[in-house]
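Read through the structures below before going on.
Next, two complexes with subunit A in common: one pairs it with subunit B, the other with subunit C.
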Partner chain A sequence: MQNDQIYSKSLDLIQTRDDLNLLNKELELIEESSFEVGKKDISTLIRRESSFLLGSTREDIGKLRQQLAKIEFMEITFSYQPNIKLINDISLFINNNINQKILIDIKVDPMIIGGAIISYGGRFFDGSLLHKLENALKKYV
Partner chain B sequence: MTLTNIIIIIAGITIIFLVACILYLVWVYRKLLEKYYDLTLRQDRSLVKKHLDETALKFVDAKVDNAIAKAINEAQDLISKSAKDVTQSMKRNTVAKLVQNKMAEEEAVAASFDEAKDDIEKFKAQKFEEMSLKANEALDEVVKEALGQALDKEIQSKLVMKAIENAKRSNIF
Partner chain C sequence: MYDYKTCLEKIGEIGEVTEVLASIVYVDGLPGLSPNEIVIFQDGQLGQTLDISEEKVHILVLSHKAVKPGDKVARTGGVLSINISDDILGGILDGLGNPLDGKKIINGVVRDVDVTPPPLKERRLVVTPLETGVPLVDLLIPIGRGQRELVIGDRKTGKSTFFIKSMINQAAKGTICIYASIGKKIVEIKDMLNEIKTKSAKENIVVVATSASESPGLIFITPYTAMAIAEYFRDKGKDVLIILDDLTNHAMYYREISLLSRRFPGRNSYPGDIFYLHSKLLERAGAFAKGSITAFPVAESIMGDISGYIQTNLMSITDGHIFFDTELATLGRRPAINPFLSVTRVGQQAQTNLVRGLSHDLSAFLVTLERMKDFEHFGAELSEEVIQQLALGDRILNFFDQPKEVIPINVSILVMGMLWTGAWRNQKPKDIRGKISKMVDDYNSNELFRKKIDNLILNIKNYKEFLNKLREGNYGQENYY
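The block that comes next holds the complex of A and B.
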């Protein structure tokens, strides 16, 4: 497997800001592990071996991190912590509709009751149940 | 001197006397006639004058009466017209003043009404806002309490996906 394909796969796997932070941290550790010759702990060894297996150089990792830095986020506020299935569904829907990689920045606010509040590129959409209820209540009060 | 002569002289004298008498009578007659004529003429003149005077007086009186009547009529007309004009003017002024007063009164009433209306609207808006807030708060609490517990994960996920789809339709992304 070519390095580009591996990196592309890595990009496909990350869907949220948390995933990106985790990947960035991991890449940082891989970079560091290649220099930490004296360290003998198991995670450092695994990372070093992984790096050798992938044939990654510091330049390759640097390029990947540059690509990651350019990724845009879509902030979505949920009323609860979403599960992986929902994140996958949302990520799939977004990336099918936008011709670029977008990561979900998850926010949780139980006050919105249900639905979601979406914010992207300076635009805002309130699809929360709270907003709908407020609008409905205004008609009757 | 003979009798004949005397008779002739006497007859002559008599004739002369008679002629003188006749002439005198003629003279007297003529005088009387002149006098009568003068008298008649004078009387006629007097009558004519009197008549003329009377006629002139009547004419003058009539003219004066006419002039006075005309003047009185004109004066009456003028007074009537002036009075009418004055009445109309007064009426117009009065009506205008009444209209003005009425308008001012109506404006004042309208202003008071508007002010009262504004106050009512403000009061209504304030009360509505208060009621709306209270109702919203109460209903929000109830709905949150009820729905927050009643919505299961599947429904929550569907609501989230629907919100994402609506955001797409609204060109958020």
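The block that comes next holds the complex of A and C.
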């Protein structure tokens, strides 16, 4: 498998910060359990799908980890834990509209009642129901 | 003044603390942040922008609570400002201008802490004298309103006593006195406050204090806050005396901040802009069309060495310096001011002809006295004239030794005139001191005596004429011989 394909395949697998953390753990495990076969190639003591998928050489894993470290996050706070479908939809929407790989960092805060608070690249948008209610109350009180 | 939620909603920008280095934190985010802008942390603490790079911003934390990685930060859109009104008079404030004594600032005016100094066209010549109540300074190293006079000396040489006297004397005359304690020990601040508390004119004194235990950021901005308060009163047409105690300490805290924010170190590891920083601060003082700010920045020397980096910087920024000499302090002289190593560049132009003449004769006499004392050390046989001169010198130095009381300048002039015309020739120093103290008390309490002395000094053209008048007439001084 070509390196680029490995990267894109791996990156496609992850959508959220939790996914990234899991992937990093997998990579660590592979690195720790690897041993050299020949000059560049490595083999691992573990037999996992990820170990076959994630590169055949030590450099490939290093490069992939560098790529992962550069990924930016969009923090989205919900009032409830979103389901997989919603996460997929949001991830798809972001990747279709922004020409860059962005992961979602999901936070849960029941106090916001509904809606979502989004922050990305230092920009902040409060689209929560709590915020709307507070603004509405300010007008009347 | 600022609220995290409101700022976040208003500006719509958020950042996250990624690294904490003592008083400096690195923040990711806040794309529109501008230099020196104030940011607010989610727990309400304030910070000031130090450096901005493409990847992160360096924020100087202005309080002492712990900031941890992951904390959220919002922009405020403003630079550091304080809320001031006349309510702060007689009070004690922290480095951010918040009252520490429970006073409330009602109908305050918001003023920026770090502003550009006024341009040349708004400035006036220093022509009005500022009386410190210390005869040695008033007569030999005169200060004018709007002057910036560096006070330099080792620890425990009597600098604080000099400030207290100057403040009390000036506050009683209606001058607003601001004392900025920059990272001093709490004990020292308390001593100063206790001294001021007992005085009647304390309502014209404002203390802005940060102790050494507070955050370097807060200590760093203390002189700026004090200067902003001085500018507030100046704009109201008041004369202000500001004491910045001390700027060597301030420079050390700025060095700490700069090194932590990975700025390139220069001489003695101080950052390259330390001169700019202090000159910009002191340029805000001066004589103006409306009001004046007289500044007494303080520099602490070590082992009497006044050639240090920060000390010489401040000397070149200011209009002269008063040097408190350790050797004189160990000899028991109070104040331990060395008149030969002290300089005033604009003070003379604020003096009257009489004081200028007195100052000139006195300086010449003190130089001669030093030479004569050297001869005395050799054990040479001295003529009667020299013995008399030495005795006069002792009486003058005895008069300059002034442990507690504030001496009005007109009393100083009168006493000098009396000493010059031969008063108290064969009396003991203790008796002379008692008589001078009585004269000061009478001057402060007896209006008739005060008017007589004031009129005499006001109408005299020069020092020679003053001495002749004293020899000829009775102006009330005869009661003290």
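Note that in this section the second predicted complex is superposed on the first by the 118 of 141 C-alpha atoms of A that agree within 3 Å, B and C clash if a C-alpha of one lies under 4 Å from a C-alpha of the other, contacts with A are read in each partner's own complex, and residues count from 1 in each chain.
Basically, contacts are C-beta pairs under 8 Å (C-beta built on N, C-alpha and C of every residue); 3 or more make two chains touch, one makes a residue touch a chain.
Nothing here was measured: the structure is a model prediction, and the numbers come from that model.
**Student:** Taking subunit A as the common reference, can subunit B and subunit C both be placed on it without clashing, or not? Answer clash or fit.
**Tutor:** Aligned through their shared chain, the two binders fit side by side on subunit A.
**Student:** Using the superposition on chain A described above, determine whether A:105 touches subunit B (first), subunit C (second), both, or neither.
**Tutor:** It touches nothing on subunit B or subunit C.
**Student:** Could you let me know whether more residues of subunit A are touched by subunit B or by subunit C?
**Tutor:** Counted on subunit A, the partner with more touching residues turns out to be B.
**Student:** Looking at A:31, would you say it contacts subunit B, subunit C, both, or neither? Reply first, second, both or neither.
**Tutor:** So A:31 meets neither subunit B nor subunit C here.
**Student:** Should A:113 be classified as contacting the first partner (subunit B), the second (subunit C), both, or neither?
**Tutor:** A:113: touches subunit B, not subunit C.
**Student:** Would you check which partner chain A:74 touches, where first means subunit B only, second means subunit C only, and both and neither mean what they say?
**Tutor:** In the superposition, A:74 touches subunit B alone.
**Student:** Thinking of the overlay built on chain A, is A:19 touched by subunit B (first), by subunit C (second), by both, or by neither?
**Tutor:** In the superposition, A:19 contacts neither subunit B nor subunit C.
**Student:** Is A:60 touching anything from subunit B or subunit C once the two structures are fitted on A? First, second, both or neither.
**Tutor:** A:60 contacts neither subunit B nor subunit C.
**Student:** Subunit B to subunit C: minimum CA distance in the overlay, Å?
**Tutor:** It comes out at 9 Å between the closest C-alpha atoms.
**Student:** Common interface residues of subunit A with subunit B and subunit C?
**Tutor:** The answer is residues 121, 123-125 of subunit A.
**Student:** Which subunit A residues qualify as touching subunit C in the complex?
**Tutor:** 119, 121-126, 131
**Student:** Would you mind writing out the residues of subunit B in touch with subunit A in their complex?
**Tutor:** Contacts found on subunit B: 131-132, 135-136, 139-140, 143-144, 147-148, 151, 153, 155-157, 159-168, 170-173.
**Student:** Okay, in this complex, where on subunit C does subunit A touch?
**Tutor:** Those residues of subunit C that touch subunit A are 8-9, 12-15, 28-32, 74.
**Student:** Any idea which subunit A residues touch subunit B in the complex?
**Tutor:** Result: residues 74, 76, 78-80, 82-83, 85-86, 89-90, 93-94, 97-98, 102, 110-111, 113-118, 120-121, 123-125, 127-130, 133-134, 137-138, 141 of subunit A touch subunit B.
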